[in-house]
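Next come two complexes, and both contain chain A; in the first it sits with chain B, in the second with chain C.
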Partner chain A sequence: MNSSVYAVSSASAKGVGRLLLFIALALVSMVFAISFGAAAISFQDVWSVLSPFSTQDIEPLKERIILELRAPRAVLAFLAGAGLSLAGAVLQTVTRNPLSDPYLFGISSGASFGAVLVIAAAGSFSIWGVNIGITAGAFVGSALSVLLVVSMVGNGAQIERMLLAGVAVSFMFGAATSLVLYLSDPLAASSLLFWTLGSFTRASWPNLILPALIIVACLVIFLAYSRSLRAVLAGDENARALGVSVGRLRMGMLLLSSLLTATLVANCGGIGFVGLMIPHIVRRLLAQKQENIFIYTALLGGVFMVWVDVLARTLSDNAELPIGVITAAIGSVFFLLVLYKKDSRKGYQ
Partner chain B sequence: MRMRSVLSLLVLLCGVQSKVLMANGSDLAVPAQRIIALSPHSVELLFLLGVGDRIVATTEYADYPEQAKAIPRIGSHSSIQIERVLELDPDLIVVWESGNPAQDVQRMIDLGLNVHMSRTKVLLDIAGELETLGALVGKKEQGEALAKEFRQRFLGLSETYQNKAPVSFFYQLWQQPLRTIAAGSWINTVFKHCGGANIFDDASTDYPQVSIETVLIKAPQVIVVPSHHGADIGTDMWQAWPEIPAVKNEHILFFEGDLLHRFSYRVLDGMEQVCTAFDRIRNS
Partner chain C sequence: MMTDKSPTDKAPTGQALTDQTIRNKHNSAPLVQVNGLSWVVDGQRLLDDISFSINEGEFVGIIGPNGAGKSSLMRCLYRVNRPSEGSVYCAGDDVWKLSAKESARRTAVILQETSEQMGLSVEQVVSQGLTPHKKLFELDTEADRTLINKLITELELESLRTHSFATLSGGEKQRVMLARAMLQRPRLLIMDEPTNHLDVHFQIEVLRKVKKLPITVLASFHDLNLAAAFCDRLIVMDKGKLVAHGSPSEVISETLISEVFRTCCVVDKHPLYDHPRVSYAVHE
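Coming up: the complex of A and B.
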């Protein structure tokens, strides 16, 4: 009796320790990331601005660069990584398909198309007005793609139909985006292309409020439903036997994922592979049954994206690299490695 | 039967080809009468030479002078409708090496059309272009006179302003992503000869993408914002940064982008505006 109580409390202590470790990793990553950039700002500078205990004086311009340019950017990167990973994890769970991610369902391409159309139509850029327009465009686009997918799926919410409809919708909006790009003038096209490949340059504190609220709300909902989601993972029949209304749950999760994705695409453009890769890594690190797998997914996704953004800003002197290109490069190599390892292990067996 | 029809088709095609080539050989003797001008600046230069009415087709954005807007469009920066080109039966096609798709240009050359490649790379190339085009359209003397005038005006401005106290500037070519010009860009010549010092002179590419924070650190005296096809691009973001001297002193200058971005004679008007505006700031 005594020993089992001890075992439970030590397991939960271990869990808390691990969670704290992940949170610390996220915070340290962000502070480090803020000290990278075009202007010469050291880690100490960043620390003295961010830490309430520091008494060191710092140039006002540097302080403003840290607080108004770099900090919101690091936070946006973290939010984007967290949100996209969460969307991927939830979609992979409800479809029981390891390849599901916001891209596969056409959510990202719908959002991209909406945003690109607004940017192209606006022509010139007056930051505030257009920002709101881009967000609205991305929402309408993703809502349209989800509507199309959902109308194809019907009541049963069958996985195969969902995936196939998603792929078709994704190609459709992809083609429409390419057409807009092709018809734009060269400078506008290059900026549209840059945007569709993902970037955090538009980060500012007011822009962060909406994504932050939506990500936290979705995370809470996912955690609240984690028991039902785990049941679905074991099979539709199984879940129904446990009293889960599978169709409704699947549809609800699809809608939440598209809300997450649309908010992020509206703020940082199209960033692929994160929603696919991070949940895989988390599943490898932790047991699938883990209650708070979504928390770890969000934290690891955020940390990953913060470092991807550091790479994007520092790899080339003359240009910021598009985020989506880096995530796709890392993601594809990661998947090939995973496949290779699986294969060679089979060979040994 | 089928073999024979294929053969006759080949013979026919060869015949067409050689006919075009023959017509080509004598093109310099007869001034061009049906011209396709595939860039906004060549349209401007041809109008200046007084042969604008001979242009039968052009490309997107060729909007100066006013009459140019009525010319039919047969292409853009991404493609040229070759079939329309053939249909219009031009005796001179003025293409732009860096502004027209190379494949389409090559196809027009392969089809035996009389293609003149405009290779303008630096500001003074405009004078050379005026001479060449003048010769091709039978306006040799006008071309040479205009070229001489162009060189004189350019050198005059340069002598007046180039060696005055440098004014540091940031050229906001595009906003999202923030893009500028560097030393290698021909637009930079205008500013250099007006005594401007580009804060991104040392960048290794001609049109580098830059970050706001670099502009903050380099603290330019002037921010130059060209319009883009008549529309202003945004500058709201600068207002948050009075640390930049250009923002603090309200030295954000707007110029008509088409004056500065085109290899046309009007670039001198743009240059004059830049030189006088910079001089005012220099003396303020």
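Coming up: the complex of A and C.
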């Protein structure tokens, strides 16, 4: 075996090892997260309920808390982090803009507006525990925002027009959401805040099926097109010269990101900064591993959100903190630190 | 939607080429055939009735002042500008009737400017050349890796393999783009001002490497001396029209440069080689 072939095999083995490490981190994070909360439940308790090999008996109440409340909540937190990070990563790639995320394109604002309007106007109804009204409202809102962005962008799918249209649509739906909140009575307004600040309190197993299916489907599609997406990083004209239909690819990815975001906003409300921050961290950690960047982004985003949810449940003794507040706080500090470090390095040069 | 070639899309064999067609040195059909091409934008004819052909293995240069239509013409060849009239054939097929991928398998392009590629390494940028050859989900094979390694070695990029593309110098970036273009295994290489932003050393180095490639090349130039030194034939453009064509000795003359570039010069034979040399009258 010559040295270059050996190097490739060794790199592949390292890649598999790294992937397994990230998967293990995700699983361990979720099991640990389940053990945090108001009721005292230990890691061993969680393990004995979830592990098929455990023979230890556990109180029925604890078992119900783990299986019906905390486990679906941890899984929803993981799915939300994974999905929003994936949406951010793919939007940043197709626009070659490191500041792109579902918020910048108005997708989150549209989805939040749709959900808030449904709650304020009609409440919601459930089928097998799924809030159909809110989900539908979020979908319609995000679809409307995408439709507005796309109608202003035209056939060429130029990045600059797309971003400007996205920002305008985002502000428009943000203003509309604020107006609905302002006009609602105080009791309704407090429940409406759920959608603008984000929470995993409505997690239930039936609620997880749709987001899980959509996230897995989108991840598979992103992986299928990862070569074309990498080509887009070279610029539109370069990508076209490499045989990529850039306009169609960009539009398709925008629609998939909208689908991801709408599904998650419908279940968890508006959670910002994750789609922006996690792809940045993954690119910094794994700059040379672009081939599987979407898998790592989903895994790290999921792990991040699981721990954000733990913080939301444990930071305050009296009440849960909104998820969106914590992600925004961490995200803004992260970006300030990144900028500070970049400036320091420039100073040394 | 573009579809793969059909038998009716074949180049019109035996069709008489216009007066502007460049002489055919070889007996075989030309690799590139441009027939009566015009490109109109907002009622403005930016390219007007252009016809020429390029034979397999030739190095053809396009020269002309700024705004002459050099880049616009090349964009029609690699499927960015769709011609308003006329046709472009590559290897016997109308490029606008080929799929985007099939066209990219035949024609590789090196542009003047490339984005910073958001942290991609040299090796990753080179491997983008596999894009038109791969289906969805298809991974790199051992043969692909071997070819990438070979190109990285040939273009002296080994020490830069893991470096971020954004941190490279202009000459290094151009070598990376050349490696990427070669990985596409094209029959035609189009280069838009390949020596732009390069110092004299890298200008000559890049063009020497291109000249050695067993491939057909169409490149635009601003430096007439480099064009004369490296090109087998030259196409001269002005105001969207093809105004002259032929070998560098046939095309480059004091009269033509004065008319097209509005610059006075002296044209003589290069002291070392058998091609013309242009010396500009820079002082009034």
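Criterion: the second predicted complex is superposed on the first by the 338 of 349 C-alpha atoms of A that agree within 3 Å, B and C clash if a C-alpha of one lies under 4 Å from a C-alpha of the other, contacts with A are read in each partner's own complex, and residues count from 1 in each chain.
The rule is simple: a contact is a pair of C-beta atoms (placed from the backbone, for glycine too) under 8 Å apart; a residue touches a chain by one contact, two chains touch by 3 or more.
Values in this document were obtained by computation on a predicted structure and should not be read as measured data.
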Problem - When chain B and chain C are modelled together on chain A, clash or fit - result: fit
Practice task
Considering only the touch criterion stated at the top, classify A:A231 as touching first (chain B), second (chain C), both, or neither.
Solution key: second
Practice task
Have a look at where A:Y182 lands relative to chain B and chain C in the superposition and call it first, second, both or neither.
Solution key: first
Fill in the blank from the handout: Once both structures are overlaid, the C-alpha centre of chain A sees chain B and chain C separated by an angle, to the nearest 10 degrees, of 140
Exercise for the section: Look at A:V150 in the shared chain and tell me whether it touches chain B only, chain C only, both, or neither; answer first, second, both or neither. Expected result: neither
Practice task
Name the contact category of A:R283: first (chain B only), second (chain C only), both, or neither.
Solution key: second
Practice task
Would you sort A:S245 into first (chain B), second (chain C), both or neither based on which partner it touches?
Solution key: second
Exercise for the section: Would you sort A:T201 into first (chain B), second (chain C), both or neither based on which partner it touches? Expected result: first
Problem - Touching partner for A:L223 - first (chain B), second (chain C), both, neither - result: second
Exercise for the section: Examine A:R64 and indicate which partner it touches, taking first as chain B and second as chain C; both and neither are also allowed. Expected result: first
Handout entry: Distance of closest approach, chain C and chain B, by C-alpha atoms in Å
Key = 42
Exercise for the section: Jot down the residues of chain A that show up as touching in both complexes, chain B in one and chain C in the other. Expected result: none
Completion exercise
The residues of chain B that touch chain A in their complex are 60-61, 77-78, 173-179, 203-205, 208-214, 216-217, 228-229, 231-234, 236-237, 240-241, 243
Exercise for the section: Could you pull out which chain A residues touch chain B in their complex? Expected result: 37-40, 60-61, 64-65, 68-70, 119, 123-128, 130, 182, 185-187, 190-191, 194-195, 199, 201-202, 313, 317-320
Problem - chain C contact footprint on chain A (complex, rising order) - result: 4-5, 8, 92-93, 96, 98, 223-225, 227-228, 230-231, 233-235, 237-238, 240-245, 283, 287-288, 290
Practice task
Could you please specify the touching residues of chain C with respect to chain A in the complex?
Solution key: 75, 78-80, 99-105, 107-109, 111, 113-115, 117-121, 124-125, 128-132, 134, 136-138, 142, 145-146, 149, 162, 164, 184
